[in-house]
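Two complexes come next, and they have one chain in common, chain A, joined by chain B in the first and chain C in the second.
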Partner chain A sequence: MIDFGRVQKELQECSRDMAASGIKVSPKSDNLARLVGTIPGPIGTPYEGGTFQIDISLPDGYPFEPPKMQFATKVWHPNISSQSGAICLDILKDQWSPALTLKTALLSVQALLSAPEPDDPQDAVVAQQYIRENQTFLATARYWTESFAKASSLGVEEKVQRLVEMGFAEAHVRSALEAVGGDENLALEKLCSG
Partner chain B sequence: MEDGMSSDEDYYSDRDSLDGLENEDSEFHCTPPKGPTTKVITKESLLAAQREDLRRVMDLLSLREHHARTLLIYYRWDVERLFAVLVEKGKDFLFDQAGVTVVEHQGLESPLGSTITCDICMDDVPSGETTREDCGHCFCNNCWTEHFMVKINEGQSRRIRCMAHKCNAICDEAVVRNLVSKRHPDMAEKFERFLLESYIEDNKRVKWCPSTPHCGNAIRIEDDEFCEVECSCGMQFCFSCLSEAHSPCSCLMWELWAKKCRDESETVNWITAHTKPCPKCHKPVEKNGGCNLVSCICGQAFCWLCGGATGRDHTWSSISGHSCGRYKAEREKKSERAKRDHYRYMHYYNRYRAHTDSFKQESKLKEIIQVRVSITEERDSRLRDFSWVNNGLLRLFRSRRVLSYSYPFAFYMFGDELFNDEMTKEEREIKQHLFEDQQQQLEGNVEKLSKFLEEPFDQYSEDKVMEIRMQVINLSVITDTLCQKVYECIENDLLGSLQYGNHNIAPYKSKGIEKASELTACWKANDSDKYPPSDCGASELDRPSGSGSSDESGCSSRKRARKDSPGGGLFDLNLPAEVIDRN
Partner chain C sequence: MIGIFMIFDFSCSCRVLCKFFAHGACLKGEHCEFSHDWKDPPHNICTYYQKGLCAYGSRCRYEHVKASRSHSSASSSSTNARQSLVSDIVPPGNSTRSVLGGLTPVPGSPMELSASSRPFIPPTKPAWNQEYGHHDSLDDWDIGEASSIRPSDRPICSFAAAGNCPRGEKCPHLHGDLCPTCGKHCLHPFRPEERVEHLKSCEKKQKHLEALKHSQEIECSVCLERVLSKPTAAERKFGLLSECDHPFCISCIRNWRSSSPTSGMDVNSALRACPICRKLSYFVIPSVIWYSSKEEKQDIVDSYKAKLKSIDCKHFDFGNGNCPFGSSCFYKHAYRDGRLEEVVLRHLGSEDGETVIAKNIRLSEFLGNMRIR
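Showing the complex of A and B:
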């Protein structure tokens, strides 16, 4: 079973120094097994100014087994899948230690944004571009940050969350919002009409 | 190469003891004082088997057992390599790599009654409920236990790392055992077994016996991994690839051959080369003669080349009303090739099978000969010793085995599959002649030996029996020498000049496949004070019965193995498993 006592303490500790770290972790619903982490794009990188959301799900063995983390915000990075948001990071796999926390893990993810490792890629296309055409890579990464990780796009996430809380499936909510150009009410109508 | 063989030769030069060779009793005289170096490791002797290695490391480095084990697991039980690293890179490097920390942390112990915050569960825990590992990291017992459980379940029992981030230290097995057994005794048992079995799983000198159902034993060899061994359960196998003993075939050749025999691809090839389905009734139709117009028994005529239905009239170059343009098509060549390959395979396969089948016949001879011996013994005669018949039979079985496997060897040695780029056509022909010459000599003598052994000597006069005896003894020596020569020819003349890195052949053993002897545990498993300087299994045969070993498990398993060993020591059936199965 997940050690929820520890997760509670982690959340408290995290919100206590949020101002300093910029890292936020909040539960997705009542169930502490599903959470959302938020990290600011590191300064001096193409991710600067963006706010990145990371879906977190805790396995039964947490903290003795690593948390599962995946970018919910689309990001252009050699070690993060541009399709699924999957992250290639050792501490989320065999280098996980129970002494690490969600906050330290998110800090490591943030560090990964600053220092890509193209030799161990998650997204081969991005990794190739990073190595061969670094200027193009930087431009694309910046563009993706603008399009998906800025305040405007964050509004979309909140709309999604509200609609999901009303009981609609996330995938349906997203496609409905997309179809009506982001208008929450129109999307709701569309969802209700099936 | 093996000690037993040279003593074989010595005996043959001495006529009196010749007959006694391989008598049940003589086994004891023949055993070199050192005893066989290949050992059977049973569940009971598994602990004893690793004691020696553990002891060496513990003594040299003044370590506790769990540290020595951690080192050995990391270095895959290769003590020599471990020592080499020690000499080259030093103790610190050695320990660091393997995750061994031997620093004492007395100064860090917290006073009793105080509490410690466990960094994992983030609770305050009384210091009495925490454990500090050798690396200095301290967490609460509950968290340690959970961590151990997850790791044991993941199958990582042998190297459970400390919970602290980036700490490479391996947890003390005593701590794991102690904490896990308190809450999950079954898991503690599992952990224990995994730990013990590391000696088999992580050790290139030790392998599980491949018998099915599994006999529970493992076999440890001394130096060359390319050898053939017999487990105390009777299973004979190639130590390198774990399939049936297959020398003088290399492991790769045997793998290819077994696969070839298994899939009926050859038969399928033959059928496609020789028959085609009728377009009307779909029965396979064989082609007769060179004509490409064939007709099925159902009356339908069709074109052999394209398989299409046609009328019945044809000329040499065309079938009336039909043109497929395939008269000189590729297919002809392809099927010719398949046919040729198939014939080649069948040539070798038939001979390979002939020898395994002969063995089947000859193993019946064993009983017949026992009857003949007892009849002859009844007669008032000066013939007293019949070990020559039994020894002759053993020699016959061993030579059959060599002959049988020499055919798949030749199939690959002189075929296109493996060495096409390494020999010119001429080289290959020369080598093939050389080999076939040896093979034929062996074959001829084996058949002669077989013939003499089949003689109903119980009905013969004494002089005639003496003559047969001489023939059998001579032929036994000859076939043994010829077998040896076949192996030498393969090693020196055939493979020697090639880049044959992956074609190692287990050496020829005149006395048959080496039976691994049981490792005798001469001390109690938990009696950690008295380690003998070296493995004492070798002295097993010399020890008067009922004395010595205080370890009951060691003795009982040895007895069990003796009783169960097939053939009661008289026959070792060094033949393919499939043949033995069929009997």
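Showing the complex of A and C:
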């Protein structure tokens, strides 16, 4: 059985020092077992300026079992699957400790972004690129951050512009973009379907 | 002297520290008629001692002070406001006089103890909420004869021992010396053993209360709750780790150490380790209080081990069973006749030159490998 009392305490604690850590955790629905965490890309890395969303699902044994975390935002990183967003991090597996919290786990994920471990990769392709062509890796990571992790802030105006040119009302376009998290294609789909 | 059946006024009891609360578990919570405020003094006078016999003797956890005078507080509702303290010392010639008769406050009368002249101070240690059906000799001291008895046989004033004697200097009874720990005049000037006993127990109690007070704020790092504020009494205990000083509640740390290593967590490196510092600890010690020094922790550990050592090991089963923990077992390994198990370890030199301790060797183990043609 999940200790919901603790989860609630963690959420309160997290929202209290959100300004300092930049880390946000909010429940997906009214069920506290499924949450969404948001971490800012660390400064001085190709992920700088991006905002990354992480799907969190708490197992029944939480906090005695580690929470399941997966990137919802696409990210180019040796230890994060570019396909599924799966994270390779020891504290989310065999090094979990019940004294860790969602906030500290997310902080560790953030630290992983700034310190990749190519020797223990989750995504072999990315890891190869990181080792062999580091410049290309940096460029790709930066590009992915630009296109997937910044969608909601930068470039919104251009997307709105384009969609408005297609003949949709601006208010609808904005709300649709917001609803899908800034993805232009998804917004277009949503606009077309109704 | 006439037996007075004490009706204890419960309005006083709220000023007395609830003993269940002091131990960390009062089931009545806010509805408890006793005080849940640490500032209030505990009620700690042994009632059996007052009657003359306490089977626990020096091991009794209540105070063995002579506060044996029965006190009367007029407790009928009409006289509630004018409660009076009356000396129960009745001179022999007057012994048939009704004590209650003396209670009627007469305005302007020289009754120094009537409520109109002195505010009623509720005794902080109500040791006399007993119904004394009989009176032992202790209750019938005569001041007139006081000089003929040895000073160590004279009881001390129970009002002073309980914290406040309304008669102050004028009190005809022996006032005890001030106990530096509990701040009451409860040390008998002529009974050295009693003094030492009281001082010792008082200090110990004070220490325990202090420690309990400090422990109130401590949070478990797993459930993030204050350990001593958990809903059930069983949960309001710390689980001390032998090798480090991180606080957890007993249920959380036991849960973690016994959780099934499903996700590839290793029992010895992950689960036996402290969740915070990852230092390995081989056992957990339950404790109601959190310690503030190494010595205090050692005391808790020692008393825990001593307690376990007095319990018969269920694996050993008086020699019928086999305890997997062997000589490291915390429980008692004794046979039915009280004889303790003698552990004789067999030291063997192994091939690489190191000395190993042989486990039980059975003949069947050798026979099992034998091939019979």
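Just so we're on the same page, the second predicted complex is superposed on the first by the 151 of 194 C-alpha atoms of A that agree within 3 Å, B and C clash if a C-alpha of one lies under 4 Å from a C-alpha of the other, contacts with A are read in each partner's own complex, and residues count from 1 in each chain.
To be clear about the criterion, a contact is a pair of C-beta atoms (placed from the backbone, for glycine too) under 8 Å apart; a residue touches a chain by one contact, two chains touch by 3 or more.
On a predicted model such as this, the values are computed, not experimentally measured, just so you know.
A.B. asks: Just from the overlay, do chain B and chain C fit on chain A, or is there a clash?
C.D. replies: Here chain B and chain C cannot both sit on chain A without a clash.
A.B. asks: State whether A:Pro98 touches chain B only (first), chain C only (second), both chains, or neither.
C.D. replies: Both: A:Pro98 reaches chain B and chain C.
A.B. asks: Is the number of chain A residues in contact higher for chain B or for chain C?
C.D. replies: C
A.B. asks: Output check: A:Lys9 vs chain B and chain C. Expected answer is one of first, second, both, neither. What do you get?
C.D. replies: Touch status of A:Lys9: both partners.
A.B. asks: After the superposition on A, what does A:Glu184 contact: first (chain B), second (chain C), both or neither?
C.D. replies: It touches nothing on chain B or chain C.
A.B. asks: Considering only the touch criterion stated at the top, classify A:Pro66 as touching first (chain B), second (chain C), both, or neither.
C.D. replies: In the superposition, A:Pro66 touches chain C alone.
A.B. asks: Taking the superposition on A as described, I'd like to know which of chain B and chain C A:Asp123 touches: first, second, both or neither.
C.D. replies: A:Asp123 contacts neither chain B nor chain C.
A.B. asks: After fitting the two complexes on their shared chain A, where does chain B collide with chain C, if the options are 168-176, 348-356, 438-446 or 492-500?
C.D. replies: Given the superposition on chain A, chain B and chain C clash at 168-176.
A.B. asks: Considering only the contact definition stated at the top, list the common interface residues of chain A for chain B and chain C.
C.D. replies: 3, 5-6, 9-10, 61, 63-65, 97-100
A.B. asks: Using the touch definition up top, name the residues of chain A that touch chain B in the complex.
C.D. replies: 3, 5-6, 9-10, 61, 63-65, 91, 97-100, 104
A.B. asks: Quick one: in the complex, what on chain B touches chain A?
C.D. replies: Result: residues 119-123, 143, 146-147, 149-150, 163-167 of chain B touch chain A.
A.B. asks: What does chain C use to touch chain A in their complex?
C.D. replies: 221-225, 246, 252, 255-256, 259, 262-266, 270, 273, 275-276, 278
A.B. asks: State the interface residues of chain A toward chain C in the complex, per the touch definition above.
C.D. replies: 3, 5-6, 9-10, 13, 61, 63-66, 93-100
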